[in-house]
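In what comes next, subunit A is part of two complexes: it sits with subunit B in the first one and with subunit C in the second one.
Up next is the complex of A and B:
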């Protein structure tokens, strides 16, 4: 059970941090339509994180907010791939999006087979939204196909997909930003 | 020629039509700029379908839409138009008659 909770937290942390990073494109994406689409993907990721935190929180006896914002940096289990701040490099952003969605699809498939029906059900729900994320990632991957910057970014980011444990300095900055409101006002909820 | 379908040189314009409920007519919702039809569909989905506001969308390249705006009516043949008949006046007169009649709506029935 403990192992499963850790797995859920790992995925929730990935989704929260990636959602946060992707949302950094809001207002400055390559074109207006993409701005809307990519912001919507970011919002979905954070929505998935919330649902997963709620599930894990029920096991651990804490709330989703507490899991998302009240832990110490070293307690987060996200991969270094999602931690990087890639604005304003769109090719690298697409490379990460593509690599992440591929890895995430495998993880979700495994969760859908879970004996825990609540978890399997949530995974299936998440998967229906992720299907659009995968389509979006594939579309951009095809579009940037022969762009050398994409190939270089894929090469550079691939080893980070499941690199966990040690955080990047960028994550520590993000943690500061992300948790500042909660830390300034103990017990705040929104 | 063709110029109106390109925006800023980067993408094409696709017109999006939205059906609110199954069976209803599609109405023009707006347009999206996209490099190809896959992107156009994705963007249309995001902008006009994500909040459950549409049962279906039509995504059409603007150049596939044939606009016609030259309607010759040199001789003012207003009998071709729905406003050619002063229906409003006729209706008004009929209402007056009904109101005057002591039998209300049955006026003139016999």
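Up next is the complex of A and C:
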């Protein structure tokens, strides 16, 4: 289990930061339906992050909130793909959504085979919810078809899917904002 | 001393915080009740992991059990034990009567886009199958939005998970 903790944190960080980025469409998406969709997807991703942090936290002896908000920027393991602030670029947002869901599906499939039953069970639970994210991504991928802006964004973002270790400047801004409340009041919980 | 049946009865009175027409028991989210002396242990399986109502449900269960004079322990089980197939037939009927189309049965391999875009879903108001997918996502993670072409009414469809 312990060697898997880093993998779990990688996924949890991806889901938390992508959830944050997706929520930036709340209220301003190009269609009302997409306002609802991206807000709902964001909510699911953050729920997945919380469940994964809880699982990792039990191994590490810390809480989910401590893992989510009390680490230093360099300790986060999210990919550069999820860090980027893409609002108001809808084509790039769909490209990221599509690339992420594809990669995430592979990762979830691997975790479902884990010998650790708690981890395998959680992965199966997450997979049931992600099925709807994948359908949504596929629908938009088909809808935009050969739109050149989508093709360009896919090409640009594809190398970032698993690019980890070095953060983008945008991540540091997000971290400042995301952790500001916790940092302002030591030990605060909500 | 409290009995297991008393606990189930008490839990059956707790409405879902977001869809109050259905109880937590009919929603199928209570996996087990275990009574040992004055300790009551409940295994609770969340619907969606990001559901904001989870804490409300957990606290409501603890409160009802305490009111029976027992000490509650609510254990949240984050595996795939819960599926919409666990919603009872009474629960499904109550959903339908309130304008929420109940979930389709779960199939091997999970839901497919082609299925959601088909007309296999029935309008809870007029019963027509001439309905279209408007949005995979809805007001809460557990619901999609569909439109009935027959009675020209949008409605919420419980997602199959």
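Everything that follows uses one rule, which is that the second predicted complex is superposed on the first by the 189 of 190 C-alpha atoms of A that agree within 3 Å, B and C clash if a C-alpha of one lies under 4 Å from a C-alpha of the other, contacts with A are read in each partner's own complex, and residues count from 1 in each chain.
Here is the rule we use: contacts are C-beta pairs under 8 Å (C-beta built on N, C-alpha and C of every residue); 3 or more make two chains touch, one makes a residue touch a chain.
Model, not experiment: these values are computed from the prediction.
Superposition model on subunit A: subunit B and subunit C are shown in a clashing arrangement. Of the two partners, subunit B and subunit C, it is C that touches more residues of subunit A. Contact with neither subunit B nor subunit C is seen for A:158 once the two complexes are overlaid on the shared chain.
In the superposed model, A:36 makes contact with both subunit B and subunit C. Of the two partner chains, neither subunit B nor subunit C is touched by A:58. Contacts of A:183 after superposition on the shared chain: neither subunit B nor subunit C is touched. By the touch criterion defined above, A:45 reaches subunit C but does not reach subunit B.
When the shared chain is aligned, subunit B and subunit C each come close enough to touch A:132.
When both complexes are aligned on chain A by C-alpha atoms, subunit A residues 33, 36-37, 40, 132, 135-136, 139 touch subunit B in the first and subunit C in the second.
Residues of subunit A touching subunit B in their complex: 31-34, 36-37, 40, 132, 135-136, 139, 143.
Against subunit A, the residues of subunit C that register as touching in their complex are 48-52, 78-83, 110-113, 116, 134-141, 145, 159, 161. Every residue of subunit A that touches subunit C in the complex is listed here, in rising order: 33, 36-37, 39-41, 43-48, 50-51, 54-55, 117-118, 121-122, 124-129, 131-132, 135-136, 138-139. The residues of subunit B lying in touch with subunit A in their complex are 10-11, 32-36, 38-39, 42-43, 45-47, 50.
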